[in-house]
Amino acid sequence: MPVNEEARVGFYICHCGHNIANMVDVTAVAEYAAKLPNVVLSRDYKYMCSDPGQEMIAKDVEVFKLNRIVVASCSPLLHENTFRTATSKAGINQFYFQMVNIRENASWVHEDKEMATLKAKDLVRAAISRVVFHKALEKKKVPVNPDVLIVGGGISGISAALTIANAGKKVYLVEKEPTIGGYMAKFDKTFPTLDCAACILTPKMSAVLKHPGITLLSYSEVSAVDGYVGNYHVKVTRKPRYIIEEKCVGCFACIDACIFKEAKFSDEFNEGLSKRKPVYIPFPQATPQVVLIDDKTCIHFKTGKCPQTCAKACDRNAFDFDQKPVVQELEVGTILLCTGFQPFDAARAPYYGYGRYSNVYTSLEVERLVNASGPTGGHVVLRDKSKPKSIGIIHCVGSRDEKTNKWCSRVCCMYSLKLAHLLKEHTDAEIYNFYIDMRTPGKGYEEFYDKLLNEGVHFIRGRVAEVSDWAINDHEKGKLVIRVEDTLIGMVRRIPVDMVVLAVGIEPGKDAQDIRRMFNISCSNEGFFLERHPKLAPVETFTDGIYIAGACQGPRDIPDSVAQAGAAAAQALALIDSGFVELEPNTAFITEELCCGCQVCINMCPYHAITFDDGKGKSHINEALCKGCGTCVAACGSGAITQNLFEDQQILSEIYGLLVE
Amino acid sequence: MNASSSEILTQGLTVKLEADLDKNFGETIAREAHGEKLFGCIQCGNCSAACPLSVWMDYTPRKVIAMVRAGFKQEVLSNRTVWLCASCYQCTVECPKGIKITDVMYALKREAIENKIYPKNFPVPILARTFYSEVKRTGRINEIFLLTNYYLRYNIFKMLGYASLGVRLFMKRRLSLFEKGMTNRKEFRSMLNQ
Amino acid sequence: MKYLYYPGCSLKSSGKHYEISLLAVLQKLGIEVEELENWNCCGATNYMSINENYALEITARNLGIAEKQGGDEVIVPCAACFMGFLKTQKYMESESGIRDRVNQILNHSGLSYNGKVQIRHPLDLLVNQLGADALTRTVEMPLKDLKVASYYGCQLIRPYATFDDQWNPHTMDDIARAMGATPVDWPLKSRCCSGSMTSTMTDIGLRMNYVILKEAKSRGADVIITACPLCQFNLECFQGKISRKLKDDVRIPVMYFTQLMGLAMGIPAKKLGLKQMLSPSLVLN
Amino acid sequence: MPLTEQTKQDWSPRIVAFFCNWCTYTASDLAGVSRLRYAPSTRVIRVMCSGRIDPEFVIEAFTQGADGVLIGGCHPGDCHYSEGNYKCLRRYHLLQRVIAQMGIDQRRLRLEWISASEGKRLQEVVNEMTETLRQLGPSTIREVVQTVIK
Amino acid sequence: MAQDKPKLKLAVYWGAACGGCCVSVLDVHEKLLDILAHADLVFWPIALDIKYKDVEEMPDGSIDITLFNGAVRNSENEHMAHVLRQKSKILIAYGSCAYLGGIPGLANFSTREELLRRVYEESESLDNPQKIHPQPSTEVSEGHLHIPSFYNDVLTLGQVVDVDYYIPGCPPQSERLVEVFMDIVSGKDLPPKGSVIGASIRVQCDECKRKKSDKKGITRFYRPWEVTDDGETCLNEQGILCMGPATRAGCGVRCVEGNAPCRGCYGPLDGIGDAGARILSAIASMLDGKEPEEISRATDSIVDPAGTFYRFSLPGSKLRRKVS
């Protein structure tokens, strides 16, 4: 085993209660470690991360003159910082510390105590063998730019923006749609209190617009992100509205003047249930109150032969048909991603007939139908203008299904109950809810379910197999027949209805993967953004300074999204107010004396941190730009590049230690 | 154990005692059906509603799954439910948990035959077994021989109902006694008997 | 491309007119097929009910022969055989235990199956490979004003087949359209016909066929076309009995899609096995 | 793949596993948090990026007695450092050819892309590789290297 | 010239070698006279008729400097390595073979049996119907005949005895030898024991005059005869596999100066554990391609990669030899 005469290693193994001790014989490992070269002291302790555990290290350093610390416990991703701080407090450089992961990497994943203990011994040996070659390093402190970027102007982004701006920080809120508000703006009422979505959301939307600390970049998308925590450099592409935003007051004169007398094009905000013109504003309370032109349907853009009646109608000269996408550059210190979700596409569940039978609706369409400002003015009528007398609401559409999305979308039970209530109120129809399990875990949610049970709404426990127009008697004729097993009775039922509502689930936005790559964060298996820790760091990501909130992290209702937005805002503010960030000193440097100037390393670096000095004929690494991947190190034929914390000798000693007793 | 209390209680149709269950039944069937995930069933009943035959079954397919994993072996095998499965795979393609229910039904049929627990003189297993031995014997199916043997085993009088159809088909040369068969039946049999 | 052809037992007896018409259509389209040498029964659903090992082995034997015979693709027109072939292929592909055991058994006869021969249904070949346009070009007598209900049944499109949409199959409708006919949209396209239950649980079997015939008729279909010998047999041969027993005239021509094609392509009725049918014959104007 | 009876048998291979910090190391943490059981064969060495992995590390591991070497990185296009995984892939390809010439069974060296969310994949890969190495038997490389045959 | 100083005693020996190293000693040309002014040659099989027995009888430590070239391939080489270690004050592994195994070291891709079979049974120019292999000991009418036993593993000198210094090269540059010798004679401070001397601390590219850029992006490699070298661009950038980026300089970039790619005879820099792995990594870092197929196409264009990267260093590498 490699030896460094001066190294005096203190070794500690943590029981982690029973988490480690149950599967790894910690005493045996401690005894084993005591006999290894350079080890002066070896101890096992119930909870190393506790205060007494950390104080023990400090005391031992003093008494035993330790100058290297190795702790075998959980993952370094969880507690490396804790123990580095403890090492530092004990008076030795924090990088004279090495952590051994015997919990996530051993005790939690194995079933054979003997083998797990053997593995732990190998890992401990490797760490001790490595730590003797550690060097003292200093973390670099970098100031944090106090400005914040928030991506996504749904309820999460809006809440976070207001919180941060109210703390006196500058916020850039980027929204890809022409207006903020997100999905919440489309809802009629919100469960379980049934308060009007618009009434609680629109004041927040206008607060965003009015807030001096918030710069709203609507109809814009982030196109590039560079830099690191505290110092991000962001490019935002502002899509052309063909209207000069500052000039437009939202008087709608242009819309009235459009050459299309009748609205002809599918209105996205109303889920296609109504029509709009090429020049339009998404909905009356759109924020900002600025119209835009859809260049795919506008005659001017299609043929160039439009008399431009809209522009002529504008007395503020707000029209600019030559607008091009503009890239705006921002410098921010932290970023909040609140990019939301997309509803499950009901056409992916063909057995429910969406798109085939006109009376099959998605829940979002029904939200618009029951909405007083919706396409029918709040009258629930079918596409043939008739009023439904019976309505079936099918839960879990696209959710809890291996063929589509495996997860429970969390909100559908509750919004289905809400829609059942609203539909009952609007139509007095017979309403059937088809559910697999009724999930109402929230404040006032179960009470809402109770209320519905007593409102005369029918509840049938069973997953609907099919919606079809196959009638087997006159009663079913002309209706949509829902085939389902009433599992509580154990019989198959055929229920004819006039209207079917598909409670579509929540899935990751279709650009989630692009966003993830751009911001260098991870996604969980299902495609939602991955949090740093499911319990302890739910709004942080593995990339420092980037936080997530709302349904981009997983299915989530409004109260939870708002709460999470607050949490993310608090995390960002905490970072900003600390004033600076400490960077891991795992950067690489070139020993100039050895560099031959072959320039193989230069292309290895994705951050252009390596440059070639023509005068000297040597390459040079700009430490500020280096992010510490180490790829250049492995490329250097001269061995002239060293990566701090991951030096060749350290890794080779670790390998040796792992394998050789 | 107090035998009399037990007897009194189990006379009810809605009572099942733990001691009367076959606790390994679920595992056995899951293994037989290629590790089928029947323990992952959430009892949503989609299979029952999708099944074109469930209306004639004693238990719905969903209930069969629940009974299998709980160990109601006797109940599941002794009635005609599993034999009514026509292998149309509608349940399998629709199951949200990806359970290959048709394969579970096959496994139950095999289990029933192995344990000799199935409804007496029930035609479906008889046809299956006749078919099975016909193929094993000759390598191919001749419908005349298949049906004749089936009715001989099942109920010869039932055959009469089909006589006129048979004659008509025969006249149309859609049934034949002399269809070309396999040439090396012996080798085929010995392959299977390995 | 060398096409092999596996008829299966039905196409040699009660489904003889399927074979006759299929071969006539393929010949007209210039597709040569070579019958699999000394094939055996695919085992259908019954084998799976008795002995799964045998079920896989006997099907694998046919696949082994196909590989030995040097085909690129084997055409399997019977829906039950087709599904059995795909199932065996799938199991042998995904479970190495099954693959090794089955091949060991096949070795006994000097055979093995390594997934080289692809399994194809004629519908896949005609619609997805040749294409509807190519088929239209062969039409001599367009089936104008003919309303056709395509009946796919179960095993043709699920659970393993990928050539068609299992929720809303369309290949037979595509063919009908290519022949100049009008496909009828109806909800029971892929509902089970009860299989052999017409011989076992007669009452249930007949009822299941009744709803199919009834719905096709009530949607205005002039003819039902199928691609499965058992479906065709049930719907055709029992429709008289059903009509009598349930006192509802649900009689309607039920033919193979290949017979319909043959008619449009101008192939003489004799070469399409039309004379061998029991259901009311299709009157063409 | 769940842990089979076989993987529990007496001999357990030792696999030196180089995992990148952002994807595969995180996946192995996830496997731990999810309590996914897998064979106790791997010994993880954490590096920031799979691009840091020097072929010499792999050769050192074999020389010192590793039965296998597993490299885990982010999926193509997902590298935390943009393209380090491609650099790793190129070195891996060339190294595979060299170790084959050196008489080392190529199955002893494996590269897998395992993202932070793929704890399950990690479990499968480790179990699979363990099984493969079991079939190959213990590596004799260290013995050969240390025993000079005159 | 310090006449009062006693002349140094110098020995040159060859193990498994081609003779090139001995010739490189002669290649000092007239400088040989300078050397001989300060030293007497006491043992040099290629040039002087001195028997092993005479060497064995010399007092321990009586030779001042021994240049041992060639690898250790058989019992004779090993025996002489021990003898010369004992008799010499300074033992220098001279040339690539003694240093890292060199070209004879490529035999470590085969076993003894394979080699003997090839040479004594399969060689195209052979007439050996009885397939007779050489035996270390043979009984003839005159008595026992012994020849050295042939080892399975080719070894470096350092793997057999304690070596003071290493001079790399195949062969080493004669000028370097003169420099080293003169340094010793003039009593300069010698570098720490175990050092590589007579060479640079940097790699070839440092001295190479060809134009280098950061545009490597190699999609495939060519053998030198497959492309026309433009004579001025980095050979690797032209797809001609050159070991320069990981090979110690000191030769004067002789090969590249002669428009041939560096083959790596000077070995790796200090602190590099495995020369082959290092050059492999550097070369792979110049490749282009993201798809496995593209990458394979590039790596497959390297004929015999292990033999290329370990051409001079196999016995001295971590794995030492083919392991199965």
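Read from first to last, the chains carry the letters A, B, C, D and E; within each, the first residue is number 1.
In this section, contacts are C-beta pairs under 8 Å (C-beta built on N, C-alpha and C of every residue); 3 or more make two chains touch, one makes a residue touch a chain.
Everything numeric in this text was worked out from a predicted model, so none of it was measured.
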> How would the remaining chains group if chain B were removed from the picture, with no chain shifted?
Replying inline: one piece
>> Counting one step per pair of touching chains, how far is chain E from chain B at the shortest?
In response: 2
> What is the set of chains touching both chain A and chain E?
Replying inline: D
> Taking each chain's centre as the mean of its CA atoms, which one is farthest from the centre of chain A?
Replying inline: E
> Does B-C or A-C have more contacting C-beta pairs?
Replying inline: B-C
> If you average all the Cα positions, which chain's own average lands nearest?
Replying inline: D
> Measuring from the mean C-alpha position of chain C to the mean C-alpha position of chain D, what distance in angstrom results?
Replying inline: 49
>> I'd like the Å distance between the centres of chain C and chain E, where a centre is the mean of that chain's Cα atoms.
In response: 74
> If you look at chain A, which of its residues touch at least two other chains?
Replying inline: 351, 604, 634-635, 648, 652
>> Counting only residues that touch at least two other chains, what does the list for chain C look like?
In response: none
> Among the residues of chain E, which ones contact at least 2 other chains?
Replying inline: 273, 278, 281, 285
>> So which chains actually touch one another? I want all the pairs, not just one.
In response: A-B, A-C, A-D, A-E, B-C, D-E
> Any idea which chain D residues touch chain A in the complex?
Replying inline: 3, 8, 12, 14, 16, 21-23, 25-26, 28-29, 31-33, 35-38, 40, 42-49, 51-57, 60-61, 64-66, 77-78, 80-84, 87, 91, 115-118, 120, 123, 142
>> Please output the residues of chain D touching chain E within their complex, sorted ascending.
In response: 54-56, 58-60, 62-63, 76, 86-87, 89-91, 93-95, 97-98, 101-105, 140-141, 144-145, 148-150
> Hey, which residues of chain A end up touching chain C in the complex?
Replying inline: 350-351, 356, 468-470, 472
> Which of the residues in chain A end up touching chain D in this complex?
Replying inline: 75-78, 101, 103-106, 108-112, 115-116, 118-119, 122-123, 126, 517, 520, 522-525, 530, 534, 542-543, 586, 604, 606, 627-631, 633-635, 643, 646, 648, 651-652, 654-656, 658-660
> Within the complex, which stretch of chain E touches chain A?
Replying inline: 201-206, 212-217, 234, 244-247, 249, 268-269, 271-273, 278-279, 281-282, 285-286
